Amino acid sequence: MIKKKDSLVEKERNRQDLGFGTKMTDRQTRLITGNGLFNVRRVGQSFEAWLNLYNRLITIRWSTFIAMVFILYLILNLFFASLYYLIGVEHLVGVNMSNPVSQFWDAFFFSAQSLTTVGYGRIAPVGFLASFVAAFEALSGLMLFAFITGLLYGRFSRPNPRILFSRNAIIAPYLDTNAFMFRMVNEKSNQIINMTVSLDFSRVEEKNGVRNRQYYSLTLERSKVNFFPTNWTIVHAITEESPLYGETAESLAEVDAEFMISTEGVDDTFADVVHKRHSYFNDELIWGAKFKPMLETNHDESYILDLRKIHNYDLVSLNP
Amino acid sequence: MIKKKDSLVEKERNRQDLGFGTKMTDRQTRLITGNGLFNVRRVGQSFEAWLNLYNRLITIRWSTFIAMVFILYLILNLFFASLYYLIGVEHLVGVNMSNPVSQFWDAFFFSAQSLTTVGYGRIAPVGFLASFVAAFEALSGLMLFAFITGLLYGRFSRPNPRILFSRNAIIAPYLDTNAFMFRMVNEKSNQIINMTVSLDFSRVEEKNGVRNRQYYSLTLERSKVNFFPTNWTIVHAITEESPLYGETAESLAEVDAEFMISTEGVDDTFADVVHKRHSYFNDELIWGAKFKPMLETNHDESYILDLRKIHNYDLVSLNP
Amino acid sequence: MIKKKDSLVEKERNRQDLGFGTKMTDRQTRLITGNGLFNVRRVGQSFEAWLNLYNRLITIRWSTFIAMVFILYLILNLFFASLYYLIGVEHLVGVNMSNPVSQFWDAFFFSAQSLTTVGYGRIAPVGFLASFVAAFEALSGLMLFAFITGLLYGRFSRPNPRILFSRNAIIAPYLDTNAFMFRMVNEKSNQIINMTVSLDFSRVEEKNGVRNRQYYSLTLERSKVNFFPTNWTIVHAITEESPLYGETAESLAEVDAEFMISTEGVDDTFADVVHKRHSYFNDELIWGAKFKPMLETNHDESYILDLRKIHNYDLVSLNP
Amino acid sequence: MIKKKDSLVEKERNRQDLGFGTKMTDRQTRLITGNGLFNVRRVGQSFEAWLNLYNRLITIRWSTFIAMVFILYLILNLFFASLYYLIGVEHLVGVNMSNPVSQFWDAFFFSAQSLTTVGYGRIAPVGFLASFVAAFEALSGLMLFAFITGLLYGRFSRPNPRILFSRNAIIAPYLDTNAFMFRMVNEKSNQIINMTVSLDFSRVEEKNGVRNRQYYSLTLERSKVNFFPTNWTIVHAITEESPLYGETAESLAEVDAEFMISTEGVDDTFADVVHKRHSYFNDELIWGAKFKPMLETNHDESYILDLRKIHNYDLVSLNP
């Protein structure tokens, strides 16, 4: 009795799980998207967790970021211009008083000159209220640009590896058997070192009418390289021990097979640890193919790596 | 004799200790508070260690931080305004000389315009002393805002995981035995990877009339996941080897039992290593319960995780 | 013959070395100073390596740092003031032309107003040369304060653990033998986790008339704690296997014995890894002592740790 | 049959590979250059990956960086000056209208005063268009200097170890055999700890007419030191197990032998992990030499390390 308990507990302990659990068995839904993101949407987050302001401002596109800065600048100036207008533009010396529109615009430009602390002084505040708002605006401006300084640094200094993965994984002849292969390359000229990769295979298995997702880690020919200077073809030999042994394109499609890749390396410029995930769904797998070489020797000072060839392969017949 | 020595030394070496030592046996006092902080207060710190300025300014609430900046701005301007007033406002051209109050306010606003380096110039220093103080103030302002820039960056870029823990730990039926369980989830939409968790159990044991706190690490069904996309239920099976075997709510209360959790993961946005501690006191334990599912499949593009359900459980009967 | 070769190579491979090598056998010279620094001075560094500007500006005292900023500000303004004076102060409108001294000071303050970008405009450049220098000065000022912003952030954000070590290491009775002990505590209220410590013993050994320094790592009762909330007494039991077995104060003095400590932990505020080294020379060792407790239970919400007691011990007699 | 499959797969799995692959067999081309960079040039990068702006601006020389800032400043001011000139300098009050050249220069200096936010106000915008451009320019200036602030911080705070390697590796007598040796030293006065080093040997091997590059990791006498205070001589004993056993200068030249070094350590100032690569080509190897000592004991407070002697060796005869 106790034996059985232990053995059940032991068995569950040995089951592999990447962290997705067994319940994700939906036909139409991948576990990891093309960008390497987990395919899970959260609801019921607190406002702060949902907003996640810094992260969001760090990860949005540059064009969006620049546009947001300009729009914020416009809004703040409109807000403060309105404030000065309400206080009365007569408290700003130098304003063109000819008509309300030019008054407002001069208030607007005075605001811009205060927010950026350029403060030409052609327009300047007199009296308590206008001076007070201007003092407050200059402080706000400094805090805002302090924040933007931090954001710019954060955006640029964020470890941002550009690891390219071949569009398809392939099943290729390998030694006297076949192998699951894909390749990846560092697109940037940065030095990446101590690169490790792990490859997991997931499929849905039905038992007693219950569909559960199961995970298997696939043994690699080589899971770490000290240096990552060129393309690296990751190879899982389909020996008899492999969970892929005997599978076909059809059988993999039937069980919603997905291949998940985790990589980790060190970008030498800042000694940043960089991570990247990728996933190949079973329909992105080419059966019977061989990657074309990317490296060229030009008998010159350095080797040449042609990144445009990363996705290229030739169709070949597999080993029996 | 030597055998005994060795065996005593060996035995002590094998005793587990999380770092709290054996002396913390007070009935009313937890080891780790609800926020995951150590429940120890320091006295006799040096001023510098007590102040811990940067840390303090990084960890206070945003509202407090903003308020402190404004108050500091006010104080600095009052200080410099007084200085200019003492030097004589006649050394500031453009000051409204009609009465002392307006003189002081103009000195105040001149100070604000110098500190922020907006420097409209409507009011400007003439003569050595006023010019000197203004030159010093502008430098101080720049250093102050340089510091605030750093603080803002530090506050935002600090690894700040929002790991939610279920309010209660539960004793739930598990396979053909029972298990101690709690669950946790990443509240943010950031990707957390390589998440590890360790669970320790502590109780007070009396021996020869001396109460000592002892620590036991609890074996987990799974102590690491590569990815942390959804909720993760951490499971310690109460087999015969478990220190919890045969315990009841009453027996745990008697020995001041506390369960301590350490987690570590990598937030992928910045490749930050993030740590989080948590603790369940014995009175936060529900005997005979089962967590309600949080994940929903909507047969759509992505899975849905409802964070509001993290604390929810159903009462069930335990395995014998 | 080959056997012998292998055995010599193997033996050398097994010799412990902390990195100081065997040649540091000078009587008067410690390996590690009281501040945990290596006691080695470099000559023949390149200018850049010697200057090590950023590191130096990050690690100097705050008072020195502030003084340097002020002196640099003064020097830069004197330099630019001289430049404006050479160009001719008549190219600065608003300068008090009454005498050369006031001319120079107005040039000086104009420089300060340009460098800080406060730019009141009471004094302003006219003509190409003065305008050009002013444009250059404003740029220099911005770059300078950009640099100072970085320095301030670097100074504050640098992992700066304040680990206090007991002034003396002690030889104390321990179980039924004796032990080498010292203790340490985190002076700040930050949470430090995953703290590890290693203790090495070094002495000079003479063989065939050659004095060589040898190193021995000492086994600890406990070399890692998950949490570091209170004082931690590090214990090396002097069993028969210990290189300290049978040693006395006199015998240790004779061989220039030094005990070297390396600690590593994670400061939880920023998930910074922090390192600290320390060393006890043989004359800092108290034979026959016991540390006084530092932790107090006040039956209140939290435990109290009195840091002032870290160095306190009672003299006791040792086990035989 | 299956046996054979497994054995081939197993054999390939055991082949060492640093990440360069087997195809880099060109005679004239090193794998790692003198600066420790991978000798591979990428073509076909995306523009963004090629530009790699932040990395580039962080790693260029200081003189280039400063020059680029000045040139950018000049270009931006010329651009905005042209804009103001097109709008009409009559919209800038205070401009010297005497001739087009002085008009342009005043527009230029007004631009500089806006970009740096110094804004004296002697020249100031009036009217919508000029004011609008000025408001936009001040914003651009702030963003630009925010960016430069980040760059300066990034440049300075980047982990930048200065590990010096001896110009030559040597084959030296060692115990009763010979050894491959080189030495390295930390040129800066920073404390480097937990230093590890790995040494790999690569040669081209021909098999069935195919030239393949093979890699062998060389066993070191010592591959880690806790502290790195002085010079460290890395030693690979050429025992019978060594792939260098029986090799000569000629035989190594024939197979394009290259020795590759990877080091990793922790710079204690910021707890930065630092990496450094180096490579000795077979023609940089001195057969029969011994390094001269660098450390001096002056019976004073500290030991003296003379960095100028790092490359110095004496010729000696090798063990048979």
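Letters are used for the chains, namely A, B, C and D, taken in the order the chains are written, and counting of residues starts over at 1 for each.
Operating definition for what follows: a contact is a pair of C-beta atoms (placed from the backbone, for glycine too) under 8 Å apart; a residue touches a chain by one contact, two chains touch by 3 or more.
If you're wondering where the values come from, they're calculated on a predicted model, not measured in any experiment.
Colleague: Using C-alpha centres only, name the chain that sits farthest from chain D.
Modeller: The chain lying farthest from chain D is B.
Colleague: Mind checking chain B against chain C and telling me if their interface is mostly the same residue numbers on each side, over half, or mostly different?
Modeller: Under half of the interface numbering overlaps between copies: different.
Colleague: Between chain B and chain C, what distance separates the C-alpha centroids? Give it in angstrom.
Modeller: Their C-alpha centroids are separated by 26 Å.
Colleague: On a C-alpha centroid basis, what's the spacing between chain B and chain D, in Å?
Modeller: 37
Colleague: What positions in chain A touch 2 or more of the other chains?
Modeller: 113, 117-121, 149, 153, in rising order.
Colleague: In the complex, go through chain D and note every residue touching chain B.
Modeller: For this pair, the touching residues of chain D are 117, 119-121, 149.
Colleague: Considering the complex alone, what residue numbers of chain C touch chain D?
Modeller: So the residues of chain C touching chain D come out as 2, 4-6, 8-9, 12-13, 17-21, 23-29, 31, 37-46, 48-50, 52-55, 58-59, 93, 113-114, 117-121, 124-126, 128, 131-132, 134-135, 138-139, 141-143, 146-147, 149-151, 153-154, 158-159, 198, 200, 262, 272-275, 277.
Colleague: Which positions of chain B touch chain A when the two form their complex?
Modeller: Within the complex, chain B contacts chain A at residues 69-70, 73, 77, 96, 105-106, 109, 112-113, 116-122, 145, 148-149, 152-153, 156-157, 162, 175-177, 187-191, 193, 195, 221-222, 225-230, 232, 237, 239-240, 266, 268-271, 293, 295, 297, 299-309.
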